[in-house]
Each structure stands twice: as structure tokens, then as C-alpha cells.
Amino acid sequence: MNFQVKLLAMAALAGASALASAQQSSVTIFGVLDVGVQRLKNGDKTLNLESIDGMQTSRIGFRGQENLGGGLSAGFHLEGAIGPDVGAGGDWRRRATVSLSSKDAGELRLGRDYTPTFWNISKFNAFGTNGVGAASNLVYGFDGVSGTAKTVIRSDNSVGYFLPDGLGGVYGQAMVAAGEGTTGRYVGARIGYAGNGLDVAFAISDTTNTAAGDKFKVTNLGGSYTLGPVKLLGLYHVSKQTTREQKNYVVGAHYAIGSGVIRASYVNAHSRNSANGQDYTGKLFAVGYVHNLSKRTSLYTTLSQVNNSNTGRFLIPGGSAITPGQDSSGFEAGIYHSF
Amino acid sequence: MNFQVKLLAMAALAGASALASAQQSSVTIFGVLDVGVQRLKNGDKTLNLESIDGMQTSRIGFRGQENLGGGLSAGFHLEGAIGPDVGAGGDWRRRATVSLSSKDAGELRLGRDYTPTFWNISKFNAFGTNGVGAASNLVYGFDGVSGTAKTVIRSDNSVGYFLPDGLGGVYGQAMVAAGEGTTGRYVGARIGYAGNGLDVAFAISDTTNTAAGDKFKVTNLGGSYTLGPVKLLGLYHVSKQTTREQKNYVVGAHYAIGSGVIRASYVNAHSRNSANGQDYTGKLFAVGYVHNLSKRTSLYTTLSQVNNSNTGRFLIPGGSAITPGQDSSGFEAGIYHSF
Amino acid sequence: MNFQVKLLAMAALAGASALASAQQSSVTIFGVLDVGVQRLKNGDKTLNLESIDGMQTSRIGFRGQENLGGGLSAGFHLEGAIGPDVGAGGDWRRRATVSLSSKDAGELRLGRDYTPTFWNISKFNAFGTNGVGAASNLVYGFDGVSGTAKTVIRSDNSVGYFLPDGLGGVYGQAMVAAGEGTTGRYVGARIGYAGNGLDVAFAISDTTNTAAGDKFKVTNLGGSYTLGPVKLLGLYHVSKQTTREQKNYVVGAHYAIGSGVIRASYVNAHSRNSANGQDYTGKLFAVGYVHNLSKRTSLYTTLSQVNNSNTGRFLIPGGSAITPGQDSSGFEAGIYHSF
């Protein structure tokens, strides 16, 4: 819900400027509840689950902006995940930041935030990073398992900088994060261009991921192109740490049809470890349909299949463990509602 | 606080329809702070406590509705308990659901929610399920100890259906919940009728409560009848699991006097276990007074006494442990405030 | 954000009284995001951190008031700390209370709340209780380490009473808290006078701090005097428990200059333990500048130095451990934003 919008509407109704200062300090409450039924088959074991992020992660948040005059503004953003299946919640680990922004000079942002390298994974694949069809299932960390580096999605202790608007479609951000004496020191950046239906971006990062100083390195390049009802998406992503390397490419499409969207995606993952000779691939095929009941509410269903090479360990997370080489498949249908 | 109400009031003042869309997306912030002083005597041990749910459980929540047109609406409800005695909170384990509702076809609700069998315990006894006088002290699980089945009050991973309004006073709901490969698979339903001062409902459920597939079964029938200042309440409740069985009957009354209500309740509990020959009873007598300072704020006090048969183990929870056959008593006085 | 303010503004615009009841039930959402970069040097070890409370502790809260008529009102206050560096949050351990207030008779407040003895530490030193320059670094518990008694800052299970306004500048409060069968039983009070630029208060408390019944005793006297751009602050604080005793005195000043404030503080701490002959002192010197971008948003920086006598153990918390006698220093610069 956007109180700011409401107050602007009211101010308009009343034809009054007396609300100007109140508007500047409004807090917006926002969130997503996304719950569905999910069926995962890993190897020969099937599990029925209630899913909590088929389209987007369930969440609640509070954010606000203060106009400081002279093109300067301050703002905050607090956002935490919700597990509506079991009533989980309580932290602000999706994002917890304070910002100082200038129209001309850009935004300085401090706190826990998304890493620059995350955004290409999220934006340039047909299913984002949620649900059984998400490319992230085969991209995060190695074997698609996140947590290899704690900066794959977000970073603690970050100081971020964002380019201002008005650079002819060029956008960009950089982030450094303190390791605070342990692991997790992050340095990364992202630069992109959006215009005329095209959106393309490159990102790179380097995380000091172990006490020994080992680096977790991510490089990715992604893009999308929208023409009428069709949106094409593509991503190339490389992760490295000491002897391990994983390369992903992802292609996908959206096709708008009536009040719905058909989504399809193919993900290829190739993982190697020179220390033990491991070398295997995984492939994910996903197709789904989103039926929009309004801008805020949708019904959706997704079907996804992961095929591993002989010793592959890729899978759709949440189900039973697999033995190397086994396949993984998933189906889900749910309700997405945002506020 | 109900922002929706406020916005409707404002729209009325302004005589304007421009707010229609804003109203549809409003979020309501609501909650309860209920804190009191409590004295529990179990056997010969007395404990003084600060209580947090003498009338209702302290809580905070966010909920909203979106009108989708054509009698259809979507909504969410997030609600978590608060422990104001120690500042506890943070989850949404009271309820975390997303709903799709039709005026004609009823409501589909997904997430963590109350079980159908819970509602008869809550609605058809004079002290609800809170405070020293609550019938739930002798009803939940076996020996009044909840947690025997994790579906006594609520269920994770649930899919629920609610009958629509307009069925001549008949109401009803059904729920299934996934066990997700462990315990807690729930199937239950409730059907009732409300009209002309009468409210009566029957509910039944079945929870796969152990890995071995043991069932926790609940059946209950309750009712209330309101005539002028008097409301009479009654409940019959049976819980079973393998060799254990517990039967409860509860009778109670409310008597409205000035801006207050006198409450009285009698609870009988009979627990048997054919495996070890355990067979005992417990009785709870409670009387209390609620003084309403407004619709949102009350002062209250309750006195409660539990008497066990020779080997009985029933008690008012929160105090010291008892040895079988000992009695338990409680007093509390507090402030209830809702927002 | 204060919705009440907004609604009053709207009611004024509309010239309407229809909103009166809605205003009475408004909920205020409020909070602070305060994030900075911090460099701590303890002994010869240096650590870079992202700080979360350079000016005030990052937090979110909800509070509201209900006018019950006849000078009586009810209210609630929920407030929990946020760790924006890692996205921590979720409880209401800063304050979780329900109140019944009378214009003439004062306020009765139940729940988790600040102890009377805390307020003199917080109000009568130039840096409050936050950041590298805070007097609390050398005051809390013994060796500046809080947690010696869990009532140094707040108390669980409290019942508090506050004197009403209109006593000619005299203010005061008293608190008792149940130990609930374990440790932490608190009895304390504070009395003060504010007027003509002067603010002075005395507080005393007694906490049953161990199962053996040992008492943690706090006595403090503090004051401030404001004259034009200058505010002088002073505090004398004594903590005792069995054989341990700690005495602190604190002097400080604020100097308002343009849209900023220069802050300076000196803290002396003397700790003795008659059981083992420990006897040492610590001194903290701090200086800082706050630049106010608005009433809600500031930039700040603070420099602080702690010097220990030969066996002293005082330090600025958050960095590496020190060996007795080593010094500790800290620098921080950050953004403070409230909503």
C-alpha cells in the first residue's frame, strides 16, 4: 500500500498544500504473499509441499523518503522475508538500508543490500529467481546451491553507490562491504544500458570467501529485448573459487497473451573442479503461465525439469536429496498477491 | 487501527470517488496489548508473574483486501504473537495467509491458519482460550498440555475452504494440510448455524501425528445462546490418539451488567490411557469480571481453581510443576487494549 | 511518520468533526536507521566495521493512544532494535508496554520498559548511550560491560508508575518488576526537576541479581543546563554488587553552531573489587560533530579514546579483546535518519 499516493490524492481533492510536509515523511507499507502447492520429484522420491515463492518471495517491508531540498533526499528501506507456510518472519534480511540521494550525483546507500552481481541473475531470466523454473536453481553458488559465498544474493555491511538518472539510459552501481574480521569482504560493480526495448548489463565481483583469503569471483552479462507481446531474455554467468568453476547460460522468453503471460526458459550449467577432476553438466527446461487477475494479484503454474549428466548434482531445491546423475522435476500452482 | 474505515470517512467527507482505487489497496494495522499481574499456586508452590494474555493474546498484525471485480477479491492476513513481558515477537505464527474469495463460491485460503476444530474450543466457552480461566487449560492435547499434536490450534502448510455468506445462517469450512514428508498431515472440517441468538457448530479432524502414522483425532460440538444480558455457552470435546482418550465438557455464562461482563465457567476433563491403565479427572471452576472502558480497552480480573482426582495431572499452565493429584489455582488482573 | 498529525491536518482541511473517532485510534509508525563506518583500535588490533547506532540505535516501532474521556487514556508502545548491517530485527525488546493514563493521577505502565535508573545515564551525557563516544561504554555494569544485571537498561515483567504533568516542573517514576522465580527482581525510582534551562534528576534501584539473592544496586544523579547555544551535562553514577563497586563521573557539553552541534565528553570510571584487590581506572575523551540536514536526518562523526590504568579493562565495545591496561580508541562517521 502506498500511503503517499493516497495522501497525494487527498491533497488533490482538498486542493490544499498544507499536507506538503506530511507527504514528505510518509511511510509505505508493502509486501507480497505468494503461496501455492508444489510437487517435487528428485530421483524416484516425490514430495508434496506448500510453496512460498512460486512467483516472488513472500515478504513485508517499510520504506520512506524525505525531501531535504536542493535535489537532495534521504530514505530508508526495510524488507524481510515471510514464510506463510509456517508463519516464519521477523528479520529484515532481504534489505535494510539508509540512503542519501542527490538528483545529480547519485545515491549513497548503507546497510544490508543486494549485490550488483545478483541483479543480472534476477532480471535476465524468464522466471526470475523464484519457483521451480528459476534459473537461479542452477546458478547460485556451485551445483546451484547458494551459500557457497554469502554474497551470491546480498551482502552484510555494505556501502553502495548508484549512478543518478538522466545519463541517457546508462545505469550502474558499485558496492564494497566490510568483512569485519571474518569472511565476506565484497567488491563489485554493475553497468548497464536500457532504452528502446533493450536492456543489457554487465557485472563483476570478488568476495574474500574464506579465512585463508580464497576469492569467490562472479562475472555475468545479461540482456533482454521487448518487441510487442514478446520479451526475449539471456544471461551468461561464470562463478570461480580456487579450483572450482561453474559456467551458466540461460535463454528465455515471455509471451503476453490476453491478461496472462506464457513463460519459458532453458538453463545450462557446467561445473568443473580441477582438484578432483569433477566435470558435469545440468540442464533445466521450464514452462509456465501467469494469469493476472489485477496488477497486484495473479494465479500461476510452472512445470520444470532438471537433467543431469552422469555425475551431475543439479536439482530443484526443497525436495529429497539426489544421488549424482539423477534428475529432478517440479510442478507448482499458486496465488501471488502484493500490497 | 483501520485505515480503510478512515479513508471511507474521508471519501465521504470529500464526496469523492477518486479514492476508490486507494481504498481497495489499504492495509490495516491491528493488534492487542494485554498485560496483567498473575499469581499461580500449583500444589504448595506459589509464583508471581506478569501475564500477557489474560483476555486475549498480545499480538500485532497487518491485513488487506483487494476488490478484483465481479464479486471476486484477494486478501492477505499476517498476525504474530507478542510477549510484552519480555519484548518477544517477530514471527507470523498466529496466522499467515493469502486468500481468493468469491461472494458466491466462498473463500480459498492458503498458509498457516487456525484449524476448523480449534474454533469450537475458542468460541463456546466463557473465557475463550486465554487466561487462568480458559477451558483450553484442560482441553488442549492430553492433560491440557498442547503440543501433543501440532494442529490443536493451528496448522502449517494448510489449504482451507470457507463457505460463502448468505446460506441462511449456515457457515462452514474445511482444511487439508501437507505433512511435507514429516508429521502433521491434517484433514478437518466444521459446520455450524448462527441465527436468532443461537450459534451451534460441529467439527472433526484427523492428524497424522507420528512417523508411524498414528492419528490424533478430534471431535467437538459446541453452542451458545444469547438472551438479553445473558449468554450461555457449552462445549463437548473428544481427543484420541492410539491408546489415549480425553473427554471434556464445558459449560459457562456471560452476564452483561452496566459497562461490564461477569464470566463464569466449569470445565470437566476425563483422561484415560488403555496402555497403562491411567484414568483420572480434572475440574476447573473460573469466575471473572471484565470492565469495559471503551470498545477497545478493558480492565479485567479472573479467579480459577483446578481440582484433580487422585492421579490427575491437569493444571493452569505457567506455574510450577505438580505431582499427580495436586490442585492448581490462579488469579490475575490486567489491562486489555486493542488497536 | 505520524498518521495522527496527518489526519488532524486533513480534518482541519475538511473542517469536519466526523474524523474525531478515527483520530483517536491512529497508529504511529516510527523508527530510526543509523548506519556508518567505524574503525576501532583495541590495544594494537584494528577492526573496520559497519556501525548501526552512531547517534541512536536503529529501530522500528508502533505506538498509539486512545482517548477514554474524563482525562483518561489508554496507549501502547512497541519498539524493537534493527541491525541494518546484517538485517537483524524482529523482537520488541526496546519497549513493549500498555498504559492507562490519567491527566491528574499519572500513568500506569505494564510490560518491558526502561528502568528509572537508565534515564540519567542516557540524558545527562553529551553522546547519550550510543556510538564510540557514549559514556555508557564506561558506565554499564562493571568494566563498562552491560549484562552484569539485566536491568541496567531495561527490565522484563515491569509495572511502572509515572507522575502526571503539571507539578511545577517536578517529574518522577517508580518501577517494580517480578523476578518470576529466577533473577531480575527490580525496585527503583527516579525524581527530577526541569525548568528555566535546568534539568536535574536523582535515581536509585536495587535488583535481585543472583539466585543467592545478591543485590545489584545503582545510584545516580545527573543534570544539564542550557544557556543559548551551550548545553552543559554532568552525571555521577555508582554501581555495587557484593564485593564490587564502580564509580563514574561524566562531564560534557553541546555547542550549537549553524545547523550543527559540536559535542564533547569526558568520562571517568573507577572499579574496585574487595574480594581480589582489583582497583583500576579508565578515562574516555570524546569529541564529535553532528550536521543536521533536517530535523529527521543528520550526518555525524565522532572520535573517542579510552585510557586505562595499569590493570584497567575499560574499552569501546565491538572491537577486539584487550589485555588489562591496554587502551582503546574509535572513530565513526555515519548517516542518521528517523521516520
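Each chain gets a letter, A, B and C, in the order it is written, and its residues are counted from 1.
By definition in this document, a residue touches a chain if its C-beta (ideal position, glycine included) is under 8 Å from a C-beta of that chain, and two chains touch if they have at least 3 such contacts.
Keep in mind that what you see is a predicted model, and the values were worked out from it rather than measured.
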| item | value |
| --- | --- |
| Same or different residue numbers at the chain A/chain B copy interface, by half rule | different |
| Rotation angle superposing chain B onto its copy chain C by C-alpha atoms, nearest 5 degrees | 120 |
| Mean-CA-position distance for chain B and chain A (Å) | 38 |
| Per-residue multi-chain contacts in chain B, two or more chains | 10, 14, 29, 89-91 |
| Chain C partner contacts - residues on chain A that touch it in the complex | 3, 7, 10, 14, 16, 18-19, 22, 25-27, 29, 62, 64, 66, 68, 72, 74-76, 78, 80, 89-98, 100, 108, 110-112, 154, 156-159, 177-178, 180-181 |
| Touching residues on chain C, where the partner in the complex is chain A | 1-2, 5-6, 9-10, 12-14, 29, 31, 33-37, 47-50, 60, 82-91, 293-294, 296-297, 299, 320, 334-335, 337, 339 |
